Amino acid sequence: MNTALLHPLLTEPVRVRDGVTGIERPVALMEAIEENPAPLMDLANRHIVSVRQFSHETVIQLLRLAAMYESQPVPLHRPLGGKLLISAFYEPSTRTRISFESAWHRLGGDIMSITDPATTGIAKGESLRDVAEMFSNYGDVMVLRDNNAGAVYDMLPSLRIPIVNAGNGIDEHPTQALADLYTILKWRPDLASRHTIRSKVRIGIIGTPGRMRTVRSLLLMLTLIDYAIEEVVVIHPDREIFSEGQREELEQAGLKIRCERRLRQVLNNLDVIYINSIAWVGDTYETLTGDMRLSADLPLKKGSIILHPLARGEELAFDLDGTSHNWYFAQARGAVFVRMALLTCLVQRIGEVIDAGSARGGL
Amino acid sequence: MNTALLHPLLTEPVRVRDGVTGIERPVALMEAIEENPAPLMDLANRHIVSVRQFSHETVIQLLRLAAMYESQPVPLHRPLGGKLLISAFYEPSTRTRISFESAWHRLGGDIMSITDPATTGIAKGESLRDVAEMFSNYGDVMVLRDNNAGAVYDMLPSLRIPIVNAGNGIDEHPTQALADLYTILKWRPDLASRHTIRSKVRIGIIGTPGRMRTVRSLLLMLTLIDYAIEEVVVIHPDREIFSEGQREELEQAGLKIRCERRLRQVLNNLDVIYINSIAWVGDTYETLTGDMRLSADLPLKKGSIILHPLARGEELAFDLDGTSHNWYFAQARGAVFVRMALLTCLVQRIGEVIDAGSARGGL
Amino acid sequence: MNTALLHPLLTEPVRVRDGVTGIERPVALMEAIEENPAPLMDLANRHIVSVRQFSHETVIQLLRLAAMYESQPVPLHRPLGGKLLISAFYEPSTRTRISFESAWHRLGGDIMSITDPATTGIAKGESLRDVAEMFSNYGDVMVLRDNNAGAVYDMLPSLRIPIVNAGNGIDEHPTQALADLYTILKWRPDLASRHTIRSKVRIGIIGTPGRMRTVRSLLLMLTLIDYAIEEVVVIHPDREIFSEGQREELEQAGLKIRCERRLRQVLNNLDVIYINSIAWVGDTYETLTGDMRLSADLPLKKGSIILHPLARGEELAFDLDGTSHNWYFAQARGAVFVRMALLTCLVQRIGEVIDAGSARGGL
């Protein structure tokens, strides 16, 4: 046949590009953190709704476990065999849903997915309280994405299985924040502890703390490594960007926060730049305006990294993908391992895995 | 961080509330019934569309098997390993779909789900006859929910795998009726046989026998324990509530049926109250009017139980959830084990399980 | 109960009708082809988008493997244990989706399904390039159905896992063409090689080569057995039915092509009749007009076979189902085994399976 008509990428095997998929950095992170199973044991049968639930040591050990998973090309065993996940995404989100389902499947569990509110009892006017009661009979863990911030809280009283908040309206998205910090620590393992830190970092956040769940959860997460942060620079064209009491809570928790209205003025001074221009409001969203756009031609600090929860909009130029600043792809990849770590703990399977991990670490 | 802002249920592990999840009652039911594998063997490769297909002994042995499954915190093995379920829900129903899928997964099988008619060949005008022919190539068992009562019957001639009717319009819902009877027998195991019965019960049904598939199937199921029923009181504000020939068939089968138009007049006399105010009509539904609402302040008979197929509407007050009359949550939970029992038989895996069951029973 | 009201098919176990489900023909085909693992090894980590990627030997060995799978009532083992498939169907297609998912599950793998574009990042305006980047983190293989012919090509540059084209607009549908040829070879194993062929065949195609992806891919596939084809008769009421350069490419590859505008004139002369009256155009379709309809009363050649990718429209009469000309059901069934064969190779698991296959063949 006329193979001249073939796209060149169809004439060769898939190329595994490097950088994103290497195991050096997760191995380095794993070895930089001393193993301590205790806080992971304490996560058994816990709901995970807010970053406020996490302590520094719990998060660091979770990220160590994530690094252990990422450093294993093939999982050593399937600790969640026979366990059932209810994956309920009442707000459209293929990325987060597939990321959670991939994590669960890699651990050996089975899944029941709900991707369309129109097919649920809720569409028949059923109360979330009853839905939670039912789901407690059907699965071992539930993951919920809902554009109503209160939905997950309405379910808590009648749940008999752990629930993980995969994004509740404009409130929180804790596993995304875990993935954000995981990326930062793979970049700088020394930031994991106040005893190993070599130098503080300046973190820029382009987004709306009061209206973006990813930013809200990230800021709470950053308070756990306040010792590592010179300051957090929130970059936004408007003045009213925090929700009531939000900035005060963060500052009381030890974050130094500065607000800037122009991106160019601070860019060359930032070690980490987190950008997310999508603010979910109900089931629609607003995008930032002005000069809040990152591209390769801007004066980015040497060695600085860019994070983005994705999906990407116009605020993040494709010409950054090929640069050393692109850590947003590693961030997306890492989210799978972070969720594997968390889910392993929730179903009380950490015992098996840590053994495997110690063995692995001992190599 | 400011944990004072945390919901109290986020500061402790999930509480497993009792009552719904205890194994005492399923163990008692299992031991009250003498094991007899023969009728379960006969279910191999059978379609399950109507309650009319069941004999007393078949149902009792199915419910014994369901009790065996419920009494095992962890399944002893996975009898459906490698088996594929096609879960086709052309009418919205998360509860029933997830209940079936949970049952199949707990037995170790894999699943292909169809939740949206718009994504099916049927949307391209394909005949159900061809769909059945195709599905016979893809799976080992099919579960169908369709708001057209005739759909399942249109598929029968070209099916080469068993199909389970998960609700066909206003016709039948046989596995729901199995779950209803399972709940009644967990409450009163002596009703399982005319030889063990201590006293007859009076059963009230709030619903429309001629237009509600759950009520239609339950009434047929009750004819199998006619020896245990003082009378069935159907409570409905209207006069024409049976479909043609329905009441005659039930009475010929041995049911004593009385009709009442007011709930309060009979309530204090009922041992079992089944309520379902949703009657599917095409793809919409009607709700009952009048005084057909149950709440904790009504003169319920001491020791009486309330059943409801759920999803709940206004007809069932939340203040009943905390009372001893609430058996509708146990009913929903039991549906998973009833479906596990039925599916095990359809794919001819009962051999393995009964051995395990005998072993378990022998403990 | 009144079992007289039961549908007769509910009173007996499922009948497994023969013909479609026998293993004689796949066994015969498997034994007619000498095993040669080399070209299957070469399929490891390859994208499969166009039939142009296949050589004669690769296709023949793939179909031998498919025959091996079909001749095993129960898979000997589960070579894809722990592997994850991303099943993304952005254009409605239950048949093809479930066929792929059935193939993957039978091999022991797990699946994440996307059945509704409205629930994807694409609906948020995300680039396919980013979607491919993400999916590369979540799964081991991706299957894509999209009514936009360019979507699969847009994904190639950022994919780090193999993708299988399950139908891209009016362009191609390579696995369907594999299933088509598989059916032809089960009917006439001697056509698998120029050394074993007993007599050439005349193949009629009722459809639009330039607008039907199934016809486009089938014609390319047929060039691989040009030695076995007397001529291909394309039957269509219009004159302009090829896309630019299409007919020239096929003829340069060795196909003799004749166009006819009336079905009756050529029917009694055709050994294989392929009919498909649905041409997807964007997200709607056109159907052929005129006398392009097959039914049992037409002068079909004795021993000739009819193929149809299904779903069936008015162009294929039900009265053909019971005749010996009906090979379209076998074709649909075979598609599962063809996909099992291809997927096994893409994830580099052919090693294990061939051993099993040799063993099986040696019996």
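Think of it as A, B and C in the order they're written, each chain with its own count starting at 1.
The working rule: contacts are C-beta pairs under 8 Å (C-beta built on N, C-alpha and C of every residue); 3 or more make two chains touch, one makes a residue touch a chain.
By chain, UniProt protein names: A, B, C = Aspartate carbamoyltransferase.
These numbers were taken from a predicted model, which means no experiment stands behind them.
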Can you list every chain that touches subunit B and also touches subunit C? A
Subunit A turns onto subunit B (C-alpha superposition, degrees, nearest 5) by 120
Can you check whether subunit A and subunit C touch via the same residue numbers (shared by over half) or via different ones? different
Distance between subunit A and subunit C based on Cα centroids, please, to the nearest Å. 40
Residues of subunit B touching at least two other chains: 110, 113, 115-116
Subunit C residues touching subunit B in their complex are 1-3, 5-7, 9-11, 13-17, 21, 74-75, 78, 89, 92-95, 98-99, 101-102, 105-106, 108, 110-111, 113, 115-116, 278, 310-313, 318, 329, 332-333, 336
Name, in rising order, each residue of subunit A that touches subunit B in their complex. 44-47, 49-54, 82, 84, 86, 110, 112-116, 118-127, 129-130, 133-135, 137-139, 153, 156-157, 159-162, 220, 223-224, 249, 252-253
